[in-house]
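One chain, chain A, appears in both complexes that follow, with chain B as partner in the first and chain C in the second.
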Partner chain A sequence: MSSSMALRDLQRDLESKANDLAKIQKDIAKDHQLRKKYTIQLGENELVLKELDLLEEEANVYKLIGPVLVKQDLAEANANVRKRIEYISAELKRVDASIHDNEGQQNSKREAMMKLQQRLQSIQAGKAKA
Partner chain B sequence: MGHLAVRRSAFAAEFTAERERMASSSARGELEKMGIDQLKALKEQADLEVNLLQDSLNNIRTANARLESAAGALNDLSLRPQGKKMLVPLTASLYVPGTLDEADKVLVDIGTGYFIEKTMEDGKDYCQRKISLLKSNYEQLFEVLAKKKSVADEAGMVLQGKVRQLQAATTS
Partner chain C sequence: MEPPQTKGTVTPLASLFSEQEARKAASYVEERIREKREEMNRLQGFVDENDNLISLVKKLPEKLHHNIMVPFGKIAFFPGRLIHTNECLVFLGENYYTDRTSKQTVDVLRRRDKTLQSQIHSLKAEIDDFQTEASFFANTASEAAEGVLEIREEYEEEEEEDSGTVLQRGVEKEASGVTGGEAGEGEDKDDEFARIMSRLNELEMEEEQEEGEDGDDGSVEERELDVVKGLGDKTDDNGIGYEESVLEKPQYLQKDQPRGGIPQQNAETWRDFQATSAVSRSKASSSVVGPQKIESPIQKPEAKFDTNKAFTGLIVEHTHNLETNTHGKMQPSGSQPSKPVSRFKAQRR
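== the complex of A and B ==
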């Protein structure tokens, strides 16, 4: 009797761990998308910075704000792009750390699930013999 | 021109991911050791990656074509005298007559909403630089694609061999 209750408990535990695992994997997938987006933005901003660096002092820089092309100061544009690059790099590092953590959690969940399954199988095998 | 930066960066991201995956890709001997299911999964994965790479390659080619036409338009523009009558597109179907002002300065879209005023010479130079950058990206990506394709093909061949072996074993 108690063994079938233990069986049910184990199965419920396994199910909840499976749900947790699915959630973690969804988070990892979302983080990967985010990472891709940030990498693209970082690349684009670095290109812009390179072009701005090639300009001479008095060259005109314009920024498209909505439908309006607004004249910008070269120094200001440089500062803005640099700040964007810093921000995006920080976000990228954060996402990377999050991915790393989630992957660690994913692996430990998988291990826990495997152990549970083994116990489940051994109990079921024991019941079959009895 | 913003699209170019997107293509290039997406390519760069994919390229590094590719490198990591290729470092762990199997040599022929390892392929032989794998089970049929594993091989199938590997081949499907490799096929997927090949398709992704093909798409990226096509994107680079389109971007390159647009850059080339921009460079051509620039060249054409530099030949026109100031004050020349022209038709200015206001929408895709509405053109308005106008006269060409100074053709010596051009506005270049460098991405993230920034435009810089450059001389005609610098503008042409910009286009050329981007075109050669894209060309080198294309070549690098092509190499990665070729390697991935050979992995996919080899996996397919080894898989077929194993399936045939299995069939021969079960029928004999």
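== the complex of A and C ==
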């Protein structure tokens, strides 16, 4: 009787662990997507910065805000883009760290699950013999 | 397919890697290749568009104005005139625009073309990688289907023969399970290095000896060289046997041979070097003899470490260089998705 209780406990444990694992994996996938997005944005911003650096002082620079082009100072635009690149880089770092974290968690969870499964199987085998 | 003998086992490759698994892996990689190809086609489309745009922007300032049909909504056009043909409003990305002359615009577009080309280049390299990977998988699959055998033989033969009883084998199984696992990854490189070093030393020593016989001045140097020779003789049987059985005389070592014209005045330093290296070499060769043959083209020799064999490495027929190569780079790229290529949003210009 007690063994079947233990078995049920183990199964429940295993289930919750599996849920956790799925959640972590979802997080990782999300982070990967985010990371991809940021990488693309970073590349685009770097291109913009390169072009802005190549412009001469008196060139007209506009920013599209909604439906209108707003004239901007070149220096201002430059500073804005730089700030944006900084921000994106920071975000990238953050996402990378989070991915790393989650992967570590995922591995430990997976190991725990393997152990649980082994125990479950051994118990079941013992039961079948008895 | 002879039955396994007392020392060594013969395992069909198919039992290690089932054909279906290998095929599955191959098709997976093929899928990745297709994705990358699509991506490359897209980029190539951008490049073409960009080229068209460049030629258009170049042509525009040739006239003061162009008579064109102006699109009006989705369906209607009306005749119009393009003026200010030397002024372009260039989209830089991130919602930034700037006024440029045609010439400057062309420069901008050229730079864009460059980034696109570099992206295409990296994509091509990735595709090449995947292709070698795919051909490796396909090869493995066909080898498994053909029934290629994997032959393993004991390294420590004497010990194995001594321990005839089942009990001792059982003990050995445990021991070898542990040591084999360790030896698998870490010592592989060291062994390789030791092997190459010992071979180099051998070659150098041979040259040294020849030189000593040539320069027959009866000087002190000659005696020193004799010492070296003695050292060489001592280790030679070890070294040669090792060379014949293990090393298949790789080409890259051969080219070190002519390097020999060692000046006589250097002989002393050489001798010192060799005296030390001879020791390390004998050590190396004795520790290396058995297992080294045998860079296996299949991925995981570790997979079989739990059998009752000492770590021996694998001998597999039908091996190609290509496969060993792909083996190296396959693991990382297979398990880990390639980084997203940041792509330039050329369609937004």
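To be clear about the criterion, the second predicted complex is superposed on the first by the 130 of 130 C-alpha atoms of A that agree within 3 Å, B and C clash if a C-alpha of one lies under 4 Å from a C-alpha of the other, contacts with A are read in each partner's own complex, and residues count from 1 in each chain.
What we mean here is this: a contact is a pair of C-beta atoms (placed from the backbone, for glycine too) under 8 Å apart; a residue touches a chain by one contact, two chains touch by 3 or more.
Predicted model only: the values in this text are computed from it and were never measured.
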Key: Which superposed partner A:L52 touches (first chain B, second chain C, both, neither)   = both
Request  = For A:N102, select first, second, both or neither according to whether it touches chain B, chain C, the two together, or no partner.
outcome  = neither
Query = Both chain B and chain C contact which residues of chain A?
reply = 36, 39-45, 47-48, 51-52, 55, 59-65, 69, 72, 77, 81, 84
Ask   = What does chain C use to touch chain A in their complex?
value = 89, 92-100, 107-108, 111-112, 115, 337, 339-340, 342-345
Inquiry  = Can you tell me which positions in chain A touch chain B when the two form their complex?
reply    = 36, 39-45, 47-48, 51-52, 55, 59-65, 69, 72, 77, 81, 84
Key: chain B residues touching chain A - in the complex, by the definition given at the top   = 2, 5-6, 8-10, 12-13, 107-108, 110-118, 126
Residues on chain A engaged by chain C in the complex (per definition of touch) = 32, 35-36, 39-45, 47-48, 50-52, 54-55, 59-65, 69, 72, 77, 81, 84
